[in-house]
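Report on the following structure.
We call the chains A, B, C, D, E and F, going by the order they appear; numbering starts again at 1 in every chain.
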Amino acid sequence: MSDPFFHPVSGFDLPRFAGVPTFMRLPHVTLDDPRLKDVQVGLIGVPWDSGTTNRPGPRHGPRQLRDMSTMIRAQNGATGVRPFEIVNCADLGDVPPNPADIIDSMTRITSFYDKVVAAGITPLTAGGDHLSSLPILRALARSGPLGMIHFDSHTDLFKDYFGGTQYTHGTPFRRAIEEGLLDPKRVVQIGIRGTAYDSEDREFADAVGVRIIPIEEFHARSPQDVMSEAREIVGTAPTYVSYDIDFVDPAFAPGTGTPEVGGPNSYEALMVARLLNGVDIVGADLVEVSPPFDSSGATAFLGVSIIFEMLCNIAAGIYPE
Amino acid sequence: MSDPFFHPVSGFDLPRFAGVPTFMRLPHVTLDDPRLKDVQVGLIGVPWDSGTTNRPGPRHGPRQLRDMSTMIRAQNGATGVRPFEIVNCADLGDVPPNPADIIDSMTRITSFYDKVVAAGITPLTAGGDHLSSLPILRALARSGPLGMIHFDSHTDLFKDYFGGTQYTHGTPFRRAIEEGLLDPKRVVQIGIRGTAYDSEDREFADAVGVRIIPIEEFHARSPQDVMSEAREIVGTAPTYVSYDIDFVDPAFAPGTGTPEVGGPNSYEALMVARLLNGVDIVGADLVEVSPPFDSSGATAFLGVSIIFEMLCNIAAGIYPE
Amino acid sequence: MSDPFFHPVSGFDLPRFAGVPTFMRLPHVTLDDPRLKDVQVGLIGVPWDSGTTNRPGPRHGPRQLRDMSTMIRAQNGATGVRPFEIVNCADLGDVPPNPADIIDSMTRITSFYDKVVAAGITPLTAGGDHLSSLPILRALARSGPLGMIHFDSHTDLFKDYFGGTQYTHGTPFRRAIEEGLLDPKRVVQIGIRGTAYDSEDREFADAVGVRIIPIEEFHARSPQDVMSEAREIVGTAPTYVSYDIDFVDPAFAPGTGTPEVGGPNSYEALMVARLLNGVDIVGADLVEVSPPFDSSGATAFLGVSIIFEMLCNIAAGIYPE
Amino acid sequence: MSDPFFHPVSGFDLPRFAGVPTFMRLPHVTLDDPRLKDVQVGLIGVPWDSGTTNRPGPRHGPRQLRDMSTMIRAQNGATGVRPFEIVNCADLGDVPPNPADIIDSMTRITSFYDKVVAAGITPLTAGGDHLSSLPILRALARSGPLGMIHFDSHTDLFKDYFGGTQYTHGTPFRRAIEEGLLDPKRVVQIGIRGTAYDSEDREFADAVGVRIIPIEEFHARSPQDVMSEAREIVGTAPTYVSYDIDFVDPAFAPGTGTPEVGGPNSYEALMVARLLNGVDIVGADLVEVSPPFDSSGATAFLGVSIIFEMLCNIAAGIYPE
Amino acid sequence: MSDPFFHPVSGFDLPRFAGVPTFMRLPHVTLDDPRLKDVQVGLIGVPWDSGTTNRPGPRHGPRQLRDMSTMIRAQNGATGVRPFEIVNCADLGDVPPNPADIIDSMTRITSFYDKVVAAGITPLTAGGDHLSSLPILRALARSGPLGMIHFDSHTDLFKDYFGGTQYTHGTPFRRAIEEGLLDPKRVVQIGIRGTAYDSEDREFADAVGVRIIPIEEFHARSPQDVMSEAREIVGTAPTYVSYDIDFVDPAFAPGTGTPEVGGPNSYEALMVARLLNGVDIVGADLVEVSPPFDSSGATAFLGVSIIFEMLCNIAAGIYPE
Amino acid sequence: MSDPFFHPVSGFDLPRFAGVPTFMRLPHVTLDDPRLKDVQVGLIGVPWDSGTTNRPGPRHGPRQLRDMSTMIRAQNGATGVRPFEIVNCADLGDVPPNPADIIDSMTRITSFYDKVVAAGITPLTAGGDHLSSLPILRALARSGPLGMIHFDSHTDLFKDYFGGTQYTHGTPFRRAIEEGLLDPKRVVQIGIRGTAYDSEDREFADAVGVRIIPIEEFHARSPQDVMSEAREIVGTAPTYVSYDIDFVDPAFAPGTGTPEVGGPNSYEALMVARLLNGVDIVGADLVEVSPPFDSSGATAFLGVSIIFEMLCNIAAGIYPE
């Protein structure tokens, strides 16, 4: 049973449009707050997009995700789970990036997550572009390589860009595998699609044992079937979940920098997150929400709805019934 | 056979973007117009949103629905029904609400619909927020409780808000059941989803016999199957149809104040309305279209397409073949 | 010299797009926070728009104003004033309104401001529609009627609406004068323009001694000259400042519900606030920012720029050099 | 004193967002309505843009102008004129254009205005692109060439386009002068600016005696001074007023197809229309409002504010005090 | 193997947002360029919308399609086809239309395509409204009537508009059949839906042998099944492919002038184009993308994704493996 | 007299919305094109925004500026200058930046401009964020420090950001002065305003002799007077002109990342560029246009209008009458 201090403000008390917007209307607990030690799941923003190679914007993601998250209520309508009553959740604020220095920013992010891990908190991240996942994994995988369930339209396994540049949002998992942060045999990528430069990324995946489920296969099978395989791939060992909002079709998630048409709808987008049940999630992220390309906030609202589904599974994983 | 006076202007004569926009380009017949006695189906606007607890805007709904309705033509492409040739349809204008007084507005709405009912006209309403349905039901249910087929992502069965407030767009059907306007055993709610404050509304539904078909069940069954059950629940007795546009997924209907992701697509949205055939519809509404959140009018266009499907069934019900 | 606890976060440390957005990046101090006693100027949101008679939306104003206020820095570029170093400023959060009950909401607002006044804090309000000013004045004028400098395109002095409704955003100052909260002879209204229903409001103003400076006169004179007269009208006694963003031309402030063309530009909008120097400001508001009609936030950015100018004058008034 | 039948609906009775939107909320009187004979000033829509050479859209102008015109009230705030009490005004509906045939459309427009003129009604037109003025002038100038005060950023005096095409929105007044509909010596064009293909249009103007006041001269003089000259040029003989919304700077009127930066602000835009007092206006238009390029309606609202100023002068001209 | 001169610029070398935007980042080869003789597939823009009867805008289509096409990469992610390595592709620029003269524009279009055909180039057109297809077919069908696979929500088989007007975007294929450009027995129309004026178009289709697959049938069958029938209908003889973007549901393709709800999603939209494999495509178009109704470019991005699928099939048809 | 090869396409021949969009519809001449040697003024895009510290987007500037530049015609309406007939102008394409490496990007930019300078071409740049000016100056100032007329709301003279970061869009001219690229005594900054972190930048300016004309002084004097002083400061020696679009008030130029309210209007924005006459301009830029914050393109249209004014002065400077 969670501490009432960590319960979100209810829309029956304070209308959803009112109040300083924290994630899910949770208390804001900074890293130097004495209450930090009681937090079990921490929602963290990474307002950073220096890794984008096409259209920037995800640096504005955490703020809009916080704003739209005020429309999330306490109970999962489908499963009945009430995560905030199971575990102590808090908004840990944003990592302070350096928008003009990629290496410095990655150091800052890893350093922030090191403290989160040290405090025994499971981090649930709102990005930021997909490069954010790399410095997060550096903090989370200190005890050994993790498995990963990865929802995306791109593999993000490219070798480099622009004549040798190592760090972009198209390369994080290539680096993570090279650095031993991920166990490629326990990595599954779901929803891959769109036009491609070449097949270099897929050849790498094949070579190291990453399982790719392209969108054609996804549409041909059911979410249940696909997720059953995914759960089997990662097994019961510690696993990271990385959810790029461009996994979803751009009609449902227009606010992103590198959309690919032909993706899942919003119901499937929720279902795959709900079907993470039973996975040992040591951290998760929802990245690439780009508010300048969706001023209405529809993408962010879908994003926080997905985050809530992941949160329900993280909470249920901490205190299984 | 309808009176040609009540036929809409054709886009072959006057381009669709031209002319003073009435609903479906029908004649504007006010309540004191001598032609009122010939009207069989009246399209009515309720430009009112004082019941919204989150994002306002539906007060602007009727105007945008009128505007987009000029793109509706005379014949149902799927069924071939030509409603304007079957019954006399007219735009009865808008109910004049009092935007700064909820109780006064409800009185005005009921009074307006009392006159419509007295004239023997079946009302087809363009809202307005969902609280609008309550004062309408007060006029329509004077001879006894009605059945209701209700499309929505929310039950709108809550007890109260903000410490005891009785009238919001989250409470109309709780009030309607309490007031004896609806027979709960002949009420079915389809598409319910999203996060929830608690289960108080669903427990009430269970207690009084309202049938809830959540979205997971909807997606697992076919629209045909679901609507077959719905028609059985309401049977052949008088029935009201209430269609909240947030039943539809926000990718298809972004212009609404309390969206919930994971809903039906536009084809399913049309199908369920088409499958109202055979129901004894004594009135219907399409509510919660909020133009400030969809300046393009896409939501309103879907809304009027749904209204047209309902109109075809109302017309076919008045003069069954 | 202010307490460093109350200094805003700098954009050199945390980029402006990062962090939980409070007003001006100040600390969030709730009414039950022990630090409340140290606050001298409190920024307060009133997320409420039940008084709007035309297009709603200002309930969303405080959140967007907070968001855009993260682009405000520490020093007034024109005057060199650094308000956060002069006085202790804090974000006191939002008043919790009841969106479905006008009378209840007004009671809640007055009650909130009573506590602020009791704590010796000068309130600087981000609305909300203009009816918000009435319950605020009820708290601020407990020691006697105040003077008021009022920037607006409308007088908001109407008797009633919709057949006798007393409380709308067109009537607050009629009520405030009737209730003895304002001394009409110390009230000046600047920028009045647009089409009118009739002259009833202006006749009332003339009868009680309110000075109206219509936009034609404003454009013919300089801001300096107009503000010189305004300062003379209110004199050295306690004065409220009410700034309706629709004072400004809609090209500069599109996000508002009842715009009137032909208004001042943004430079004049800032200048009149800067020229409040020397006025004994006991409270001020910036109202009618309506985000649904300006998703880009340009109106809110102008709004917080004006709030900052007012804040500089309030700070300089508390500790005059 | 006007007939109360022709008074607009008040916002105190029916909120401005409610009701079927006619121009200024006036009664809709079609050309075959028996009340036509009582109309003195007719507001007419010309939903047509086949003459646009750049970005289309003005075909949607009349509908949006009607919509935004519901925010216009009964009295001129600056002059106190109440036009609807002086003369009988009505919305005469839209001319039915043929969007796929320019010549046919011009015939239809002239024919419509012939009937309006025959009924003794002064037409006040909401366009439509600027080519609309030509077929209107054909109906209005049957008794001899008219003078014209023309507000625009372009002269619209070009010889032809695209290798000889005679009828575009860049040529109407060249044609009108050639056809003897305008007396070039009584024509003044105000606000001309922007880059130019060449000087052919200005050379024609010089040759026939049209007076061009470029924007540099406009900004150097006052609106009062410029309009004083304009009134002198047209004198007391019958005069047409043509107001292209692109006369105004695009910050104030973004919704138009061929904007030119550096224009007048909205206050000047109103002033020049207000300063038409004393001119014998036999007809006027406000053209080139293009809703697809301004979904917020700001341009249309400025447009109807200008139309209202013109209407006040027309009314005052019919019954001078 | 294609000539490297005709390879598109890679996003690894020049970021996708950089450079003068040609279709797919291909070289711009004008009709008088000596390299024209080496081109095998030519991408051509027809910036023209004089045939629109409702909302204009497709004249802006080619530019936005070029812009968004810079996000298309070299390889089909699903099939692995690399079209630019199979055949020499180029951007042939835009046909210069006459926006104020329909007949002249059609002449110009046919003349342009005559030259393209004469150079042995297969044209792949980015419209433009659907009337564009008629003058293109006049050039392509000089050797005899073609078959056609037509994706659309409308039949575009109407007799005439507005009292006899022959050429609008609702009539091109009626004219094409009358002129002997299409063999109606080898024409299939897929996705037809929406309200209808009457059944005149469908009766014509039945009379001449055009096969219509309405949306209800499309949704009941699979894309594979439908396309299998389509391929059978056109057989192995020369065939034109015409793809109206309003075939797709407006949630996925909002930027079009005459949307109809209830259509296919983006995955189905791609699939039907991918399933054109084996058809002898002598030309293809993607029409009715209207940027003013989708400033984000989402519709154009879907459009170019579809064009790319068609291009892959054209390339594979020229050099079958 | 210029070579007709370098004349832009006329809107009388090809409508402005048609064709592959190059700057001003000029020929696209790449650095390896044999025609390069004939170019006198080169329009160059720098699609790069890695220096932005707040809201990114200027990487998309060059494309939108090219698009909107198609609305620029051949002749300056105010001065009659026809620049394309005086000098040979061409679109030299975009510099290829490396969006994930600031230092590499600066090297690429300087290298590109070195070639331009070597070819004897005067570069006129469309940015890009303001950091772009630094690597450009490195190429242009190889023969000694330049003077600079700088229009902006910020000084861009800051020492560093985020704890020592040297290269952001807030530091280029500090670096340029340190590197000896600019002669601070021949530098004037016009329009400075907005809130400030501190006065460190202004103290540096004072110390080295940079003349700052804050917005208050600008509004108090006339553009003529201010520009007269500016021309005097730079004198007759070689001078760079750097124009940040945020110099202009955000109502006129909303599409920028760090707007400041209270700026000049569009007429003044044009005038100051027109009043550069007589200055020996060796290069100029227009930077910080950010399309994601202005999807309508209004900012870009103002931007290209300003570029055209600068071009007229550059042309007139090359061949003075």
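We take it that a residue touches a chain if its C-beta (ideal position, glycine included) is under 8 Å from a C-beta of that chain, and two chains touch if they have at least 3 such contacts.
Source: prediction; values computed, not measured.
> On a CA-centroid basis, which chain has its centre farthest from subunit B's?
Taking each chain's C-alpha mean as its centre, the farthest from subunit B is F.
> What pair in C-F, B-C or A-C shares over half of its contact pairs, by residue number, with D-E?
Repeat interface, by the over-half criterion: B-C.
> Taking each chain's centre as the mean position of its Cα atoms, how many Å separate subunit A from subunit E?
Computed value for the inter-centroid distance: 39 Å.
> Enumerate the residues of subunit E that touch no fewer than two other chains.
Residues 13, 15, 17, 53, 55, 59-60, 99, 161-163, 251, 265, 293, 296.
> For this structure, enumerate the chain pairs that meet the touch criterion.
Touching chain pairs, listed by label, are A-B, A-C, A-E, A-F, B-C, B-D, B-E, C-D, C-F, D-E, D-F, E-F.
> Quick one: in the complex, what on subunit A touches subunit F?
Per the touch definition, subunit A meets subunit F at residues 49-53, 55-57, 59-60, 98-102, 104, 161-163, 165, 167-168, 292-293.
> Which positions of subunit B touch subunit E when the two form their complex?
10-13, 15-17, 71-78, 80, 251-252, 265-267, 269-270, 296, 298, 301-302, 305, 308
> In their complex, what parts of subunit B are in touch with subunit A?
53-55, 161-163, 192-199, 214-216, 219, 249-251, 254, 258-259, 261-263, 265, 293
> Which residues, counting only subunit B, touch subunit D once they are in their complex?
13-15, 17-22, 28, 45, 47, 59-60, 62-63, 66-67, 91, 93-97, 99, 295-296
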